[in-house]
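Going in written order, the chains are labelled A, B and C, and every chain counts its residues from 1.
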Amino acid sequence: MSENNSSSKLIQHQFNPYTDNGGTILGIAGEDFAVLAGDTRNTVDYSINSRYEPKVFDVGDDILMSANGFAADGTALVKRFKNGLKWYHFDHDGSSTSRGIKKMRLSTAARSIQHLLYGKRFFPYYVHTIIAGLDENGKGAVYSFDPVGSYEREQCRAGGAAASLIMPFLDNQVNFKNQYEPGTNGTIKKKVEYLTIDEVIKLVKDAFTSATERHISVGDGLQILIVTKDGVKEEYHPLKKD
Amino acid sequence: MVGLSFENYERNQFVAANLHTQPKATSTGTTIVGVKFKDGVIIAADTRSTQGPIVANKNCEKLHRIAPKIWCAGAGTAADTEAVTQLISSNLELQSLYTKREPRVVSTLQMLKQHLFKYQGHVGAYLIVAGVDPTGAHLFSIHAHGSTDVGYYLSLGSGSLAAMAVLEAQWKMDMNKEDAITLAADAIEAGIWNDLGSGSNVDVCVMEVGKDAQMLRNYRTPNIREPKEKSYKFPRGTTGVLKTEIIEECIIDTSA
Amino acid sequence: MNGISVDIQHLKKGEVSLGTSIMAVTFKDGVILGADSRTTTGAYIANRVTDKLTRVHDKIWCCRSGSAADTQAVADIVQYYLDLYTTQFGEPSTKTAASIFQTLCYENKDNLSAGIIVAGYDAKNKGEVYSIPLGGSIHKQPYAIAGSGSAFIYGYCDKNFKEDMTKEETVNFVKHSLSQAIKWDGSSGGVIRMVILTSNGVERLIFYPEEYENI
């Protein structure tokens, strides 16, 4: 008889502090605007916690932010960043300059978030973070972060549950990857050019309706935040609820 | 060889122990129900099939025909529900031809449960079996390990709790056909909306005593996709043809 | 678990179990079987009106506890054997039926989680009760209780059981006992089902919660 039968193995029960709350987010930068969108469904396993739980935020200074993954960590991270932004204003209240309240640059916000994330290197925020806004030259910008703070400025990025479904679509439709000039027999790539706000919003809607079709944790509602030089606008579109 | 092949058992044990990945079967994270009514019985199912969090099929058929008037709804491992249903269907038809009698629901039940018990739950089929035969209308459920239940209303699958909530709230004894169909479809819809493993459409099958069974494919379609914002038609030539080569060419005489 | 004592309290993952309260009691005219009606998969009640009292012959029935699949399979086999036995030798005795149960449960103890009470009536031996717990041993008793809920009613049954009670007394005894078992055991519940086996035939009873809860 075998000594090492399966019931002799030790089993250890351990508290798991993380939950996957599903959902997906998407940021696209245009020439003079940027959008950050996310679905409003919040899930655990096969259950829906909420059909309307917004996760894309206007955190101030025309910066959009979303941290998708474990919702509690996402909320905590956004809250901490907003607090950091508040202190930034206290510390740069304009008394030393004549320009009044100093607006935080998007690149500054990105570096600040890197520190928030890396600060928890060995107990990370379980989130994929994306911020969007305008850079110091007024050009649209999107920054995306991994859970421990590695980040990059990009033209577009999808995050969360359906990122792997949406990202190839974005590569093709925003950066025109795998598209060639007709008649050149695959020798000349299609020239990359800026898309209009209307075009981008169409792409965002199609990306989310498609993700809703094929990913079970995406659906219910779509929240789109748009930054231009005139400030932040918000749109909402219903998605399928099955 | 009769029965399933186990010749890759050892290899698969090795693969499971030494690799991090193992093949995942398509699981019909499902909502299925069965409801008895005054003159018969109906079964219903959603039409979503999943592989993990990805929707594998948006309009699959989970209602299987075992005999013309005995139908079964399947949850669990898609391949198992399909295979076990076809196997028993086949044996039941042979038995029916041999005995010159219409197949009975209890025979179906006994054959299914003995098959599933033999495989000790490894054949992951969770079924609701219903039908009409010379002894009347019947409704049963079978779990993968081989246990069976009788009932006037039953639900199975990941959406079974949502569906059962509706059934427990609204079921009445001796309903008419129309009310029973509505109840079953409502129960499935509860699964479609509230269970992420279930979705898309509602399939219904009605088996009424003394009548042919009616399969109502896509009885409800509450999840039709809205038209896309943009057309994604590429101009011809967008994909470059790098090389063209004809490997082999031969002429086959088809007149003979 | 070491190699000597084998874990027989196991249930396979996701298996449907009869976390049960069951009993069978002999009385003056025969025997009464009783059971709750709850079947669970984890915390979910898969069936709240289960019939755990199963016929294996006209007047030989059994109470099932443990795995639903295992006990149904065993009962089906016993029913088949008794059918064959009847065609060859005529009516089987309760002891014969219990012996078949015992053989199946003992020989396959490694693969079964089945706690069964066999009860029957025959003209020669009158009412009889045999208890076959997990390992496959067999115990002839004046009455038997089993299942997870039985733990709560050992004292009650010991104090209140009397030999040769009337039918009404016995129905009351079973009803009160199972009422308490259901009250204190979370995995028992639903209705109380009874089967009465006497020379007069088979009688089925059902008691709903509003009737047995406050007695």
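A few points about this structure:
The rule is short, and it goes like this: contacts are C-beta pairs under 8 Å (C-beta built on N, C-alpha and C of every residue); 3 or more make two chains touch, one makes a residue touch a chain.
Because the structure is predicted, anything quoted here is derived from the model rather than measured.
The chain closest to the protein's centre is B, with centres computed as averages of CA atoms. Farthest from subunit B in terms of Cα centroid separation is A. Distance from the subunit A centre to the subunit B centre is 38 Å, each centre being the mean of its Cα atoms.
For this pair, subunit A with subunit C, the centres built from the Cα atoms lie 59 Å apart. Counting only residues that touch two or more partner chains, subunit B has none. Those residues of subunit A whose C-beta lies close enough to touch subunit B in the complex are 22, 43, 45-48, 161, 173, 178-187, 190, 199, 202-203, 205-206, 209-210, 213-217, 240-242. Contacts from subunit B toward subunit C in the complex involve residues 110, 113-114, 116-117, 120-121, 143-151, 161. Of all the residues in subunit C, the ones that touch subunit B in their complex are 12-16, 39, 41, 44, 46-47, 49-51, 67-69, 72-73, 76, 111. Across the interface of their complex, subunit A is touched by residues 29, 48, 50, 53-55, 58, 158, 192-200, 222-223, 225-226, 228-230, 232, 234-242 of subunit B.
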